[in-house]
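Written below as structure tokens is the structure these notes are about.
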Amino acid sequence: MSGVEALLRWLDLAGIAVFAASGALVASRKQLDAVGFIVIAAVTGFGGGTVRDLLLGRTPVFWLRDPALLAVASAVAVLVFFTAHRVENRFRALLWADAVGLSLFAVLGAEIALIAGAPPWAATLLGVATATFGGVLRDVICNEIPLLLRKEIYALAALAGAATFVLLRMQGIWRDPALLAGMAACFSIRAAAILRGWSLPAYRARPGRHHPDRD
Amino acid sequence: MSGVEALLRWLDLAGIAVFAASGALVASRKQLDAVGFIVIAAVTGFGGGTVRDLLLGRTPVFWLRDPALLAVASAVAVLVFFTAHRVENRFRALLWADAVGLSLFAVLGAEIALIAGAPPWAATLLGVATATFGGVLRDVICNEIPLLLRKEIYALAALAGAATFVLLRMQGIWRDPALLAGMAACFSIRAAAILRGWSLPAYRARPGRHHPDRD
Amino acid sequence: MSGVEALLRWLDLAGIAVFAASGALVASRKQLDAVGFIVIAAVTGFGGGTVRDLLLGRTPVFWLRDPALLAVASAVAVLVFFTAHRVENRFRALLWADAVGLSLFAVLGAEIALIAGAPPWAATLLGVATATFGGVLRDVICNEIPLLLRKEIYALAALAGAATFVLLRMQGIWRDPALLAGMAACFSIRAAAILRGWSLPAYRARPGRHHPDRD
């Protein structure tokens, strides 16, 4: 395994750990039991890649082929179960770790889709799905409207990262610099959004207008 | 492309546009941001066909093979984002457009399943799933109990349309008249339900009886 | 068909009937219409096996290949629609029937995954998923936090049953005794949990500590 391969392997496990931790923190807010922590951690960590694999027809899906991934997600879930109440300021730390996971998964997800034969526009989208749908499934199962749909420059950062990677690859740029450039694009946009509080305008009904319910 | 083929292509895009619009209107009620509008519009427009393709094993799923579909859904979502507050009576217009989409997807979904080798009863069901599961996913993601399960002659109209098409095809009727007959069956039942306010009786607990919660 | 095969066929249909009934009872609490009863009953009865088949790439999924399964789920849904308000103590009866379904599906799901070539650890997990994800999908569609994640020794019983079966098969034990031993392991743990009110400790925030919302 080359140095870059080894680094990516570690980043991949780190990305799963981070997303698993975000899932376990939502489980702590919902006061689930230990099984619930593990299920939500796994869904958050693997959900995006699972959706990508299913849409492409890459089965068995990736986490059924590598027990280390599930071991990492479960260990993180158990750790959070026993320590979540002790950690102050954990949401801020998580926010930054999550930005690393987002950057990594957007780019690696797009690469897997390209290798599976998806056209560039579809590979870009599947990169975004890999990076974001774990969180969507986490929120749907926990009965919340997905954070992705309500807040901030999140999906857009993933889109920028995946698109940068795919465009560079289409231009014949080697894989490793393209991966790094894509991750940098995603991470810098997301970091700016966190630091400056950027967010997309939400839809607001105009005052004085009523929105009759459809039913 | 024959005249009927061209017509079906246009109707197919129109069906996606209509379902995307219904998704974007739910997004406007939930006050999502622009990314949320596009995601919900795409889920509503493609969700039913995606479920059909996954259950049958037709991968990559259909919308990954034709960028025009995503372009239509995104354009509709953006349009609704900027105009929804201006349109009066938009729910009534949508109701009729939705009935056209329902009729079209029920019949075309059943045809795709037949071509993929599904037996007639399964093709009928997959037609219903194609026509209705986009709306189910829209409601699940937006944290509402699916409209499909609560109200009106909706799934039944799709069932009538898909069954009519499949039965006629089994009798050796040509494709185009079978498609038209199926769409007509679905649309007329749905139209009658809209105009006369038909709905299925919902389950009601009898007065004086208690329903102890299961947990 | 041997005696054991015939028995398993009947238990399989019985398991689907039981899970379908649990889905229809949730539909009755949500006051859905008859279509809603059938959809939720089918989702609960087939959901776990469908997730297993999709993750493994076994398509078309199992219930598209055998119309008897859907007939059973629909018949149960209609029966519950007309009788649910009459039955006293139905939740207790259901609890025991559900324990039988859980035991059966955990073991049979693991076997199907082994036959499809999954490694032992993955087959064990897919057995748990087969037994539990129908209920998860039922609760997600009905807009509740899944019972699985909140309560009791449920997933753990399925895990014990699937693991027992897989371990015995790895040791070269014949299929029928391994199936029976796995089902016995799952059922006895679940039965003890029901009778003694065992449950897993849920996560609780310590008093005096605040859990600031993430957003």
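Chains: A, B and C, in written order; residue numbering restarts at 1 for each.
To be clear about the criterion, contacts are C-beta pairs under 8 Å (C-beta built on N, C-alpha and C of every residue); 3 or more make two chains touch, one makes a residue touch a chain.
Because the structure is a prediction, the values reported are computed rather than measured.
Because chain A and chain B share one sequence, their contact can be compared position by position; here under half of the interface residue numbers appear on both sides. When chain A is fitted to chain C on its Cα atoms, the angle of the rotation, on a 0 to 180 scale and to the nearest 5, is 120 degrees.
Chain B has its Cα centroid 29 Å from the Cα centroid of chain A.
Looking at chain C, residues 54, 57, 140, 143, 150-151 sit in touch with two or more other chains. Of all the residues in chain B, the ones that touch chain A in their complex are 25-37, 39-40, 50, 54, 57, 59-61, 64, 67, 70, 81, 84-85, 91, 94, 140-143, 147, 150-151. The residues of chain C lying in touch with chain A in their complex are 54-57, 118-119, 121-122, 125-126, 136, 140, 143-146, 148-151, 154-156, 199-206, 209, 211-215.
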